[in-house]
Amino acid sequence: MIRKPKSKLNLLRQRIHIIIYGTDTVAGRLFDLILLGLILLSVFLVMLETVKGFDAKYHHELIILEWIITGFFTLEYLLRIATTNRPRNYIFSIFGIIDLLAILPMYLSFFLVGSKVFSIIRALRLLRLFKILNHPKFTGQSIHLLKALNASRGKITVFLYFVLISTILIGSIMYVVEGEENGFTSIPMSIYWTIVTLTTVGYGDISPGTPLGQFIASMVMILGYGIIAVPTGIVTAEFTRTNTNKTELEKNSCENCGVANHNPNSKFCYHCGHPLTLK
Amino acid sequence: MIRKPKSKLNLLRQRIHIIIYGTDTVAGRLFDLILLGLILLSVFLVMLETVKGFDAKYHHELIILEWIITGFFTLEYLLRIATTNRPRNYIFSIFGIIDLLAILPMYLSFFLVGSKVFSIIRALRLLRLFKILNHPKFTGQSIHLLKALNASRGKITVFLYFVLISTILIGSIMYVVEGEENGFTSIPMSIYWTIVTLTTVGYGDISPGTPLGQFIASMVMILGYGIIAVPTGIVTAEFTRTNTNKTELEKNSCENCGVANHNPNSKFCYHCGHPLTLK
Amino acid sequence: MIRKPKSKLNLLRQRIHIIIYGTDTVAGRLFDLILLGLILLSVFLVMLETVKGFDAKYHHELIILEWIITGFFTLEYLLRIATTNRPRNYIFSIFGIIDLLAILPMYLSFFLVGSKVFSIIRALRLLRLFKILNHPKFTGQSIHLLKALNASRGKITVFLYFVLISTILIGSIMYVVEGEENGFTSIPMSIYWTIVTLTTVGYGDISPGTPLGQFIASMVMILGYGIIAVPTGIVTAEFTRTNTNKTELEKNSCENCGVANHNPNSKFCYHCGHPLTLK
Amino acid sequence: MIRKPKSKLNLLRQRIHIIIYGTDTVAGRLFDLILLGLILLSVFLVMLETVKGFDAKYHHELIILEWIITGFFTLEYLLRIATTNRPRNYIFSIFGIIDLLAILPMYLSFFLVGSKVFSIIRALRLLRLFKILNHPKFTGQSIHLLKALNASRGKITVFLYFVLISTILIGSIMYVVEGEENGFTSIPMSIYWTIVTLTTVGYGDISPGTPLGQFIASMVMILGYGIIAVPTGIVTAEFTRTNTNKTELEKNSCENCGVANHNPNSKFCYHCGHPLTLK
């Protein structure tokens, strides 16, 4: 909160702050949209540069565009530090670190050939969308999602520990049964196969060749069937529970923006002004 | 609703309208069944034409049959426009557009070789089944299905956005780790691999070759395990909730046709006449 | 129910009836166990005969064993007809038809070479286990399972119809995009690929080769993600509902055998005599 | 419980007992952590020994390390027997048998070449973690998980029996339809393919080559879709039910350690001393 601007510089600083950090003014929203567009474009450029055929044709254009975007991102990063009152808070926040890591690889590419590919970390900047879409309905969905996942964490950890021990044992059995001639060259390789099979991915780069191996593999697949039901069951049970709780809590919620706990007598949402139809 | 037919033509027009649009008369139901049969046949013909061995043998017969069906569809389309009182409503409705797109590719094939294959869009006409099966029980199922999916939309969008960012990052890591010699020729290709793995499809056209790559792939698969639980959990929680609500609302529903909210004292369903056993 | 046996033959017939059809006497249970063992053995024999290496070694022994079992099954079939009072009911029941189909292929093999492999239909006789395990707890589980699946049938049919139309359209798009040089030789073949991908099976016998094809394939996989959640959600919601209903109905159920609706004052289960701990 | 130590030896025995079996003293916890670390290290060593490139380089070091760990495990095993009052209880407990099996393969390797690989059974010793993490919150999660799985056992057995019969029949049909030239060399092989397909693993080592075979395979995949929903539905319904019951029972539970059923008036958890916020 910047109060009482004392000079023209301060006034400019305050204006830029509102544009960069704010989401309520037209300029602020426009800036956010342009920024998001540039992040998307930038991620696409880094991707396209690795496509040999495309890079051969447009190498020059790609590099110029990347430097323009990197320049913009650098300017934005510096302005963010300059216009905030607590630069440290921003610099060491998760978003601040991501913003820095998003521009570093380009500058490092002068010294280290091939470091440019790490610019892909810019994809993480796409998480800014959640800051831009600072809408209660939207944030509510994310929070509900994270809450259910968080509540399932304990059981899923226990479950994964059992799965880990099982994969080691199954992998070792398959190593002994199938042996190197069928692609099970070592226990770690066999464990890799077991995970590929248990998760029903099934690349087929390694597959059992002996009748006994195929029999054990069949058992593993049917086991994987039961196993895939467990995390699904855990997460679903949490969703169902939090869903029920939510329904009770949000009895007096606005249909438009999702803000809950309105006074039962109020006729308009205090957040977005939408007429309320409270049940 | 066409009232007071003034001429023979008008009377004919009204009769055709009842046959084409109606589902209550014998002729109307028969027309719908024949239409559905022709749509199915037509879709099969377009498919079969692409099978080299079959097309070589029966090329001539296939083309004649296709033109007969296209002719019938064209006639039907024109009659639908001619017999309705509001042709614009039909022409610009979803079903009207599909009906037009279903006959266009055949006529376009005179000018554009190979455009005939787009006749496959006729498959969309199969959605007419829902208009024909205008049964409350059946429609209820569809509505329940769509409601649950619609309610899950918000959370699934948030979830897919996180998955998108994850696939970009995982794909880039695998591109750096595995490199071109193992098939990870570019970041977009690696992202394709990540999606193939995360969704547990696992073609095996690209699979990690280095120990580190296989280790990361194993982690991705186990992550995919947890991830597949999320949309399932979201959709299931919605189904459970709408299921519970439905049970309460449909307390006085007919066992035969599913129509709900009967008067608790009524002894027969007002829709199908089936005796009611209200609980 | 055979009353008043008038001759020795009738007495014998009655005794055999109790052994073959009954599950309460020691002889009846023993007969059922031996029968189930023979069915299992027979299924294994038919399987093993198709394994070239094994058949080459033990061809003679396999054939003798198969004829012995077929002889026993034929005798059992005839005795079942002879000892029941209503032979027609048995002959035209599902189990009666299966019993006949289980022995026919062996006799047909005299006229039709290769018909012996259809003896595998004996696997269906394994369903007799449910008749033998005539235990309320066990039957309850099966009924609960079938009820939930039956209740989901309507929604799953609607869902599969949508999936069918989608696979036709996606398959056609991929046929146009990928073409024959990447294995998408015809629309039916492309539809086969679409089903392989949507269900996350992913053999990899056909996989997209063009960038656009891989992009569409990625979209299809993510769609498959959402799609797999739907039947799971439907079935789970039904299980949850029937589970809840069951809990209410079976309040006074026996812990040992599962029989429900006991008189709240009774101290022992009327079915198995186990002490009751009613809540 | 060892009371009244009469000699120095007895005192030592008591102390070692507390260190090995106890988890409350610092020495006891330290011993458990070191033991767990050694188990993990040992499992990794057995794995690495099978990796040809690594074993060639560090064969000598691997063997020395393995013998040191085996020595430590042997000593621990003997001390566990020596310091407990009821050695039989320990020796014939599951953990006692695992502890013995974990050291046996190394000693057997003097007589039987290649038996060393079975030392991988040490992975089962990782289950000790649950004894070490003797935390109510953690144990509660495991118990909840096992309870839900146990409650689903009956239905899942019935379900798997149906799946088994289906795989035999589908496998046989595919054997007849596809034949040996497409890799379906025998009925057991075709059953293996059916399981690979039904569970959506889909290696692609065997895949249908005839149009009819591909059509049947498509049906099997869509069936597999419905089928995967069943165990998930069963497990989820149980999780939801036990979740609901849990919520009611644990109304007065501690947020920190999960211990439930506190006196509604208590202000601190009787187990961990954390301030309670009972609702």
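Order as written gives the chain letters A, B, C and D; numbering starts at 1 within each chain.
Keep in mind that, in the parts below, a contact is a pair of C-beta atoms (placed from the backbone, for glycine too) under 8 Å apart; a residue touches a chain by one contact, two chains touch by 3 or more.
It should be emphasised that the depicted structure is a prediction, and the values quoted were computed from it without experimental measurement.
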Legend entry - Chain pair with more C-beta contacts, A-C versus A-D: A-D
Legend entry - Angle of the C-alpha superposing rotation, chain A to chain B, to the nearest 5 degrees: 90
Inset, instruction - Determine whether chain B and chain C, two copies of the same sequence, contact each other through the same residue numbers or different ones, counting it as same when over half of the numbers at the interface appear on both sides. - result: different
Legend entry - Whole-Å gap between the CA centroids of chain A and chain D: 31
Legend entry - Between chain A and chain C, centroid-to-centroid distance (C-alpha), Å: 44
Legend entry - Multi-chain contact sites of chain B, meaning residues that touch two or more partners: 188, 191, 200-204, 228, 232, 234, 236, 238, 240
Legend entry - Complex interface listing, chain A residues touching chain D: 154-155, 157-159, 161, 164-165, 168-169, 172, 175-176, 185-188, 191, 197, 200-204, 207, 211, 214-215, 217-218, 221-222, 224-226, 228-230, 232-234, 236-238, 240-241
Legend entry - Complex contact set, residues of chain A against chain C: 200-204, 232, 236, 240
Inset, instruction - Enumerate the contact residues on chain A facing chain B in the complex. - result: 43, 46-48, 50-52, 117-118, 120-121, 123-124, 126-127, 129, 137-138, 141-142, 144-145, 148-149, 156, 160, 163, 188-189, 191-192, 195-196, 199-205, 228, 231-232, 234-236, 238-240, 243-244, 247
